[in-house]
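Each of the next two complexes has subunit A plus one other chain: subunit B in the first, subunit C in the second.
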Partner chain A sequence: MKKPLLTTFAFSLIFVFTIMQAHAQEVRRIQPIKSPASIDEPLAEGIKPVKEPIPIDRQTVEKTMQAIADSWNSPDMVKTLGKNFYEKDRLMDSMNGKAPVDARLRIMSVGSYRIINQGIKLDPGGDLLISRLSVIAKTQVEYNDPQNGFQRRQGEQEYIIKITQKGVAQ
Partner chain B sequence: MTMKNAYKNIVRNTTRLIAISFLISTLLPPFTSFVHAEPVETPESFMARKKSSYQAALDALKKEYRKWCVVAGKPVIPLGPEQGQGQPPEGAGKLPGEFEIVSTPGLGEDIYYEIEQVFNTWSSQDGTNPFSWVDVNGNLFSTSSSGRSSSSSSVGDQCSGKSIAFDTTAPGGPYAGIVLNESNQSCRLAGFSYTSESSVWFNSLANKYQYGPGSSWSGSIITNAQYGSTYVKTYSKGTNSVGISFKVTNNTPANANTAVLTVNSVNW
Partner chain C sequence: MKHAKMPTFILILFSFLFYIPAFAEDKTPLKDWALSMENTARYENYDFWGDPAGSPYQNTGGQFYNELTTSFSRRFSDFESFQGRFDLLYNDSRYRSQHNGFVLERGNLTWEKGNAPVPLRTQLGDNFSFMSIRTIQRSLKGFQLELQPAFSSQERKQSFLFFTGAGADDYRDFTPVNNLFSGASYLIEDKKWGNYSFNLLQNHQASEIKDGLAARNQLVGSITGEKILAFKKQKMTLEGEVAYLKGDYNLTANTTETNKDGLGLFGQFTADTGTPFNYRLRYENYGRNYRPNASSVNRDYEGYEAHGGWRFAKGLNLRGRLQYFVDAASTANPTDTYVAGTNLTGPLAVSFLPGLTTGLDAFIQDAKNKDRTTNTRTANLNMNFGMPVRTWAAKLTLIAKNVENFADNANWAGQRSYETNLSATHAIALGPFKGSVTPGLIYQNMAGNATNRDNYGVNLGLQIANAMHQIGLDAKLFSQNAYAPGTSNEVTNNVGFNYRFTKGPHIFGIETNYTDRDPTPGTATGQSSTQAYKFAVFYTLKFDKEPGKPISSMFSKLTAQPEEAAAAAATVSPFSIGQPLQKAVDGLAAQGITGGLMQPGLVVYEARLLNEIDQRQRLALLHDEKVVTKTALIIDFDDVGNQSTVSQTFERVRSILLKRFGSPVDTFEQGQFSPNFVRDVNSGKFVRIIEWRTENGAVRFGIPQRLDRQIRMELQYAPKFPSRNETFWSVEEVR
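What follows is the complex of A and B.
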């Protein structure tokens, strides 16, 4: 009489164990990592891609970054933002509402840069070399607070910029 | 052997065979699934693994930065006078530790430029992107954030009644976070791509959002939180525990891709 009882008990244990194993599984979902959309945007209409990348000299990149810093918090700032700049209007609204008048952006150092994509646009006045670059720069926002005196906010950003040069295209 | 005994034997043998087959068929699947089962990672271990790998990458980046981007022999010292002092007039002598590697002539007429995107790098602090409307509205011009970057220890509760917007389509993870400091029982809000300092992180999904503890804090992880609902949750670290009442809304009239975290109260 004992044997059937033990067998039934053993079968029950095995059955429960099987059910538990099955419930321990999980279904994993794929969550794609988002990336900047602007990199995939075409540089401009009528662009002829270059066979070999044409190097952009460092001085040009540094001058561009300095010009970006100079125009920050100035009436010309909106002109420096491309048409694909994310939340351009919102940024300008925030700048107008929040940024102190004397706030300025200082470029502390320009780090590495690389050409993301490049192309040549034929133009009667001279062919244009259009390059999209990623530039790493260390910046500092400076302003005077009425209560707390001089304030600075340091940061390091990656700038995706489009540079158009005339007369450089070969 | 009678006919009856032969029949009994057949029945007994058949029963045994069925029992053994059942035994094997039930034992084998669990065993094989046990052998092949991928270890299930907990959210805590996932966060810890990610943090350690990001930290390693950050350290490597810092090394590279110092190797290539810093002028030899010159330490990286912030430009300008100490925070809290008056700013000296422009051109009144060189500042200690100053280095400027950028010359500032005009671009000329043959070069045009435009900015397409600006992102904070991993080594940058949260809220310091001068081209992010979230940072401009938040920490960039908030003098209270200077307490975070300086050695000041008391920053107080900057969460109750405060909101922070975060972009649900931003690259690298649309996150916002509540940063808690148990030593002075302070709190502040942060928007970021990724940071190890957040005590409670918020991640926007399609029609819901998720939140959970980070940075050595413990508490519940919710993956199907409803936008617009107010939640009261307790998070703890060591002997400290804090009750937080908060709400996340999305689809603001101005932008369908923005979520807003609002903290109603923080009780230590």
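What follows is the complex of A and C.
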């Protein structure tokens, strides 16, 4: 059973962090299956499927998760949220209005992760590998309350992150 | 006894890994498969002294875990592929998993066949199930099948999606019936008529003895639609969803609502007017009993939103928003929230502050419920500025917040806070190590609502690296000074250090963190000081096998002999590294490249090495007083403000290099050449990196980000380069 990250905040437990926009959406879209009738059909505008799945190493995932934690409760946090992140404005307003100014997010451990889908963004200058991953992480919000001392709130969440890495010509 | 398993496990693992090559022959049945294995063994030690309540780490002592990820894939034809991945954890850490021992955390097998009578994609194990934000959007462990029967017209596509699976963190004690989701979705996308889907989702939650909850079932159905409309220059997108829930849902941790009906509505209108102005209108309404278990929407909620934006010619963006939300909408005491906000980002043309970029976000929020037990007004202003100051990249952030409380019988009238952050980054070089240092200051002031305190802080960040070693240091001193009765001051010191050694498939790392928390007067409030630390050491080993190669190729990097030091080049090339500095200078002189300007650690020549290019070119030889360690050709742009010529010049140089070096082994491209080109480069949003491998190192070409914010192309030759995510890879010494 997952525990809430910080129960005083009314925001979703499923975070959708986006390093680069490509698939943010309200409803499902068709992810084309390559067939004789649709050989070169793109996954989305300017996105083609990968020939072979390309592993994303743990160091890259951990580094991305740390960057997300570092931006938490800072003005840069909004930059890590996807364009269509559900109730993004309300979350940021809630953070600005209710979160203790010294509250920080510590990554306790990065658990398993899985690539949900991958695509290559075509560009004349070289291709970009765009991977959407599901990552489980244990986190801890920490701040100091002058009356009650050190406060910490542990949680475990599923993060959906998008990593744009490098051009992969396949 | 607890840790006796560790070395045993590692021995078994590595015995297995090294055993494989003995059987590796070209006839291996896995020859056509791509294989990848990554193993990380990690040992951590935690401890603290003093007041346990002040420690960020509550579990002390040694913590060990080992993660083994195995992925494999095979492409049978252009239209058929199979792939899988398994994440196996051996855990003896309280921080990593709730289970000890072996845990299969994730497993997935995917088969895709496009040349079947009906193109299909099926997944067994972990899959991500998504129909809409209002129905389901989460990872499941189970089964998923997607069918995409083709229409005769290419203008129309359809998809049938079926899935069933449980929401669980891992496969240990896997009991799907505890929280089982089953769904079906039909989606049709028509270029003329739009996109429409019909979704059905069922969820079953088993009874819970602990909280005394009975079994719960709910059924959610929804219809979605999306249509793009064009009117003159305007492109408008209309989206909507109607959803209905019937069944049970959890009201709190130990109470449920049963046999309820709930309705969810969503509509959004987005318009790109073909002018700098764009806008978006949004409406949401979720009934008192609309609470799907796999959705993150709020029940009993209504929201109206209007957003508008204006894009100025020189990259400045202005956004505004008006929002109205109602929480607990159907109750006798709903809470209304009104928000008005504005946002400004981009470069500001201030003649006496060249290179200034700014971000401004401000909003006012009124929140009040009907009986006025909640009645607050929050005003928030957030400003950040960045600009080069001599050789530093400076950043200033100012935040102000004011909350007024008008609630009846409130015991506080208001609360305000101010925050200032100032930091600056400077490039540094320590022998062969290069990197950056970032000192910073922070000041916070809070008052009202029984709060009265000042916080002061000093930060220091340091990152340095060479070809194989990376070192990072983060130190922070933070002092909280509370003046209200019954409160305590606190001084916190925090130091984090990390080290990475990377060579071929091996990565070795150390991570430490030390925290010293010292409340004063600690005894008055029952608190005393706490010192806590975390020490971690890990080792990662990676293997990869490409299709068509034998399994033994996975291990070739382990047994390969280290490359011999480069022999002195018979003929001196401007791009030779590893040769004596004097020999390089003499060799260049013999080719007519003279007049090098000597600077500490480098020699810079005005030299046009790419004859096809008219732009200014400079050759830099970086050295350690004895040998050349890196060479760089710096190519200026004529006018970085002219997007067209910048793009053309870059493409021309790249074309020349592609002819000379052949296909690159690596390219990394982010952002587009646009009117915001300069700003995008300086903010790290625009990246161009192309790399080629040579016998002794690598060649990199691109447009790096610089601390002095100059925009230029650089072609560098070095044994190794920082990762592509590090955008500051320029030779900063050459200005």
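Observations
Convention: the second predicted complex is superposed on the first by the 120 of 170 C-alpha atoms of A that agree within 3 Å, B and C clash if a C-alpha of one lies under 4 Å from a C-alpha of the other, contacts with A are read in each partner's own complex, and residues count from 1 in each chain.
Just so we're on the same page, a residue touches a chain if its C-beta (ideal position, glycine included) is under 8 Å from a C-beta of that chain, and two chains touch if they have at least 3 such contacts.
As the structure is a prediction and not an experimental result, all values here were calculated from the model.
Of the two partner chains placed by superposition, only subunit B is touched by A:W72; subunit C is not. Shared-chain residue A:Q157: touches subunit B; no touch with subunit C. Contacts of A:V101 after superposition on the shared chain: subunit C is touched, whereas subunit B is not. Touch criterion met: A:Q140 reaches subunit B and subunit C at once. Look at A:E52: by the touch rule set out above, it reaches subunit C but stays clear of subunit B. In the superposed model, A:R90 makes contact with both subunit B and subunit C.
Judged by the touch definition given at the top, the superposed model places A:G111 against both subunit B and subunit C. Overlap of the subunit B and subunit C interfaces on subunit A: residues 14, 26, 33-36, 38, 59, 63, 86, 90, 93, 106, 108-109, 111-112, 136, 138, 140, 142, 144, 147, 149-150, 152, 156, 158, 164-167.
The touching residues of subunit C, when paired with subunit A in their complex, are 34, 36, 38, 40, 51, 53-56, 67, 69, 71, 73, 75, 78-79, 81, 83, 85, 87, 89, 93, 95-97, 105-106, 108, 112-115, 119-121, 126, 128, 130-133, 137-139, 146, 148, 150, 154, 157-159, 161, 169-170, 185, 187, 189, 195, 197, 199, 224, 226, 239, 241, 266, 268, 296-298, 305, 321, 323, 325, 339, 341, 359, 361, 363, 365, 378, 380, 382, 384, 397, 399, 401, 403, 417, 419, 444, 446, 451, 453, 455, 478, 480, 482, 484, 486-490, 492, 507, 517, 519, 525-527, 530, 540, 542, 544, 547, 651, 654, 663-664, 666-670, 688, 690, 724-725. Touching subunit B in their complex are the following residues of subunit A: 7, 11, 14-15, 17-18, 21-22, 24-26, 33-36, 38, 41, 59-60, 62-68, 70, 72, 80-82, 84-87, 90-91, 93-95, 98-100, 103, 105-112, 132, 136, 138-145, 147-167. Interface residues of subunit B, counted against subunit A in their complex, comprise 19, 22-23, 26-27, 29-30, 33-34, 37, 40, 65, 68-70, 78-87, 99-107, 110-121, 123-125, 127-133, 136-137, 139-141, 143, 145-146, 149, 167, 169-173, 254-255. Here subunit A touches subunit C in the complex through residues 10, 12-14, 20, 26-39, 51-53, 55, 57-59, 63, 75, 78, 86, 89-90, 93, 96-97, 101-102, 106, 108-109, 111-116, 123-128, 134, 136, 138, 140, 142, 144, 146-147, 149-150, 152, 156, 158, 164-167, 169, going by the rule given at the top.
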